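Both complexes below contain chain A, partnered by chain B and then by chain C.
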Partner chain A sequence: MRQAGRYSGMLCGGLSGRSGPHSLPLARIKKIMKKSGDDVKMISGEAPIVFSKACELFIEELTQRSWMVTMQGKRRTLHKDDVASAVIATDIFDFLVNLVDNNSSNSMDNPEDISS
Partner chain B sequence: MESEKVEKVVPEVEELPKAIVRRVVKDKLSHCSTDGDLNVHKDALLAFSESARIFIHYLSATANDICKESKRQTINANDVLKALEEIEFPEFVGPLKASLDEFKQKNVGKKAGASETGKKAAASDMGKKAGASETGKNTGESETKEVKKKRKVEEPSKKIGGKSKQKKED
Partner chain C sequence: MEPMDIVGKSKEDASLPKATMTKIIKEMLPPDVRVARDAQDLLIECCVEFINLVSSESNEVCSKEEKRTIAPEHVLKALEVLGFGEYIEEVYAAYEQHKVETTQDSLKGGKWSNGAEMTEEEAVAEQQRMFAEARARMNGGAIAPKQPETDRSLES
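Entry: the complex of A and B
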């Protein structure tokens, strides 16, 4: 089990250069993971790899849904509000609702626009 | 949850690299829209980046719970895959497994190379461990204790340069 530490160190060193499918930096993913909870202590070498790919897939999913909102509004530029609408419209994005709330309260003065 | 806005301005917030988020978004959009290029506003990119970060948090916390339920301390890839199903992203599991398998195959070669160069002690320990495990297949704790003892004995002798206690157990 202790090999996990060396393993991940190896991975970070090896993958910081050029490697194919893993675009998001594993070290940063690990840092974010550790901040998700005080009791997140040990992470295997493989976990950040899965996270990296999962993040890509997630961003793609969110992008697609946001794009659909943009297209419905017959616009050519994808705005933050489109992302917010996509989040609200999709059940599995419920965990992002707080983020959307913060954004909408900062940027938009008239929340009634969304509801119409 | 009232009018108080608790703004957590934490300078240590780790964000994902913007360039990579932008690339993922643009790649996806070029697949989606055949009409022409769709532009992405800066704020939207920030929103994507932030969303991904929160997704990592959420997935980590779930994976951590799963890991704890199995009474382990190290979050592994399987925990993450199970967590994805729990948070209702089961469609990710398939492609992720494929990606992971690819990576494992690549890594087997690297790992073999590294162990030959640097870790002879570990290899010898592994050999002894294998021998011990064949004889008595009980808990691994006793084996690890023996390994620990051996290491403790070996290290000081290496540092000082050969004291009286040099145990060569073969």
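Entry: the complex of A and C
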């Protein structure tokens, strides 16, 4: 299972834009695609390649937005809450709101969670 | 861990490899920036959710066009619909580049396979021919040509 690093290199041939030679494994992407719904159609061999690049761009945007929040807090470590803030602040990331909300339910920033 | 956890690829949710994701994330940030582990995990989860979202939409686009296979065009359309239109240009460029690279690879492979472009039957026939040639060379070298069994039986 931990051979993912080599695996991704083999599959994608190191195709990448601005980042290093690292790319996401196409087979894994395809698996996620198949599980995304009950009635998923057949997936062309080229679709995961498109996804791979789209994911990179997505991670890049989310990471950079999170990083901006980190910088505003004058910190050098990117925390989960920074990611959550970036998600909430960005319209197109609305689909992630529930995901980060579940994760940050333990945050101390929610005084209403403290039971009286 | 239960045995099913080790074996079960079917029940387990597929996720993206953490090592690769971590490298990609780190490469996007200044070198001295650290990323908390829980932040890494969340980013990975978000990415998986992104794939789910775009996959569902691509599936819809594909259905509407009454096609049976999700093609790159459907994914690009899905990105636009979902508000990720900014990605389309770069994604398309990467896709085109990949096509070029793949063509080059198959051209290289073509050179190799063109010399041996025969079916299995042809290959076997070729092999038999080569054996016959080799046998002829051996027989030519010997004083008396080696008689096949049937001839010997005729002689006796």
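Basically, the second predicted complex is superposed on the first by the 84 of 116 C-alpha atoms of A that agree within 3 Å, B and C clash if a C-alpha of one lies under 4 Å from a C-alpha of the other, contacts with A are read in each partner's own complex, and residues count from 1 in each chain.
Throughout what follows, contacts are C-beta pairs under 8 Å (C-beta built on N, C-alpha and C of every residue); 3 or more make two chains touch, one makes a residue touch a chain.
In this text the structure is predicted, and so the values were computed from the model without any measurement.
**Q** Would you mind checking whether chain B and chain C clash or fit side by side on chain A after the superposition?
**A** After superposition on chain A, which the two structures share, chain B runs into chain C.
**Q** For A:32, decide between first (touching chain B), second (touching chain C), both and neither.
**A** After superposing on A, A:32 lies in contact with both chain B and chain C.
**Q** Given the touch rule stated above, what does A:24 touch, chain B (first), chain C (second), both, or neither?
**A** both
**Q** Return first, second, both or neither, reflecting whether A:97 touches chain B, chain C, both chains, or no partner chain.
**A** So A:97 meets neither chain B nor chain C here.
**Q** Identify the overlap between the chain B-contacting and the chain C-contacting residues of chain A.
**A** Comparing the two interfaces on chain A, one with chain B and one with chain C, the shared residues are 4, 22-25, 28-29, 31-33, 35-37, 39-44, 46-47, 49-51, 53-60, 62-64, 66-67, 70, 76-80, 82-84, 87, 91-93, 95-96, 99, 103.
**Q** For chain C, which residues are in contact with chain A within the complex?
**A** So the residues of chain C touching chain A come out as 13-21, 23-25, 27-29, 32-36, 38-39, 41-43, 45-56, 58-59, 62-63, 67-72, 74-76, 79, 82-84, 86-87, 90-91, 94-95, 97-99, 101.
**Q** Okay, in this complex, where on chain A does chain C touch?
**A** Within the complex, chain A contacts chain C at residues 2, 4-5, 7-8, 13, 15, 17, 19-20, 22-25, 28-29, 31-33, 35-37, 39-44, 46-47, 49-60, 62-64, 66-67, 70, 76-80, 82-84, 87, 91-93, 95-96, 99-100, 103.
**Q** Okay, in this complex, where on chain B does chain A touch?
**A** These residues of chain B touch chain A: 5, 14, 16-17, 20-21, 23-25, 28-29, 32-33, 36, 38-41, 43-44, 46-48, 50-61, 63-64, 68, 73-77, 79-81, 84, 87-89, 92, 95-96, 99-100, 102-104, 107, 110-111, 114.
**Q** If we count contacts the way the header does, which residues on chain A are in touch with chain B in the complex?
**A** It comes out as residues 1, 4, 10-11, 14, 21-25, 28-29, 31-33, 35-37, 39-44, 46-47, 49-51, 53-60, 62-64, 66-67, 70-71, 76-80, 82-84, 87, 91-93, 95-96, 99, 103, 105, 107.
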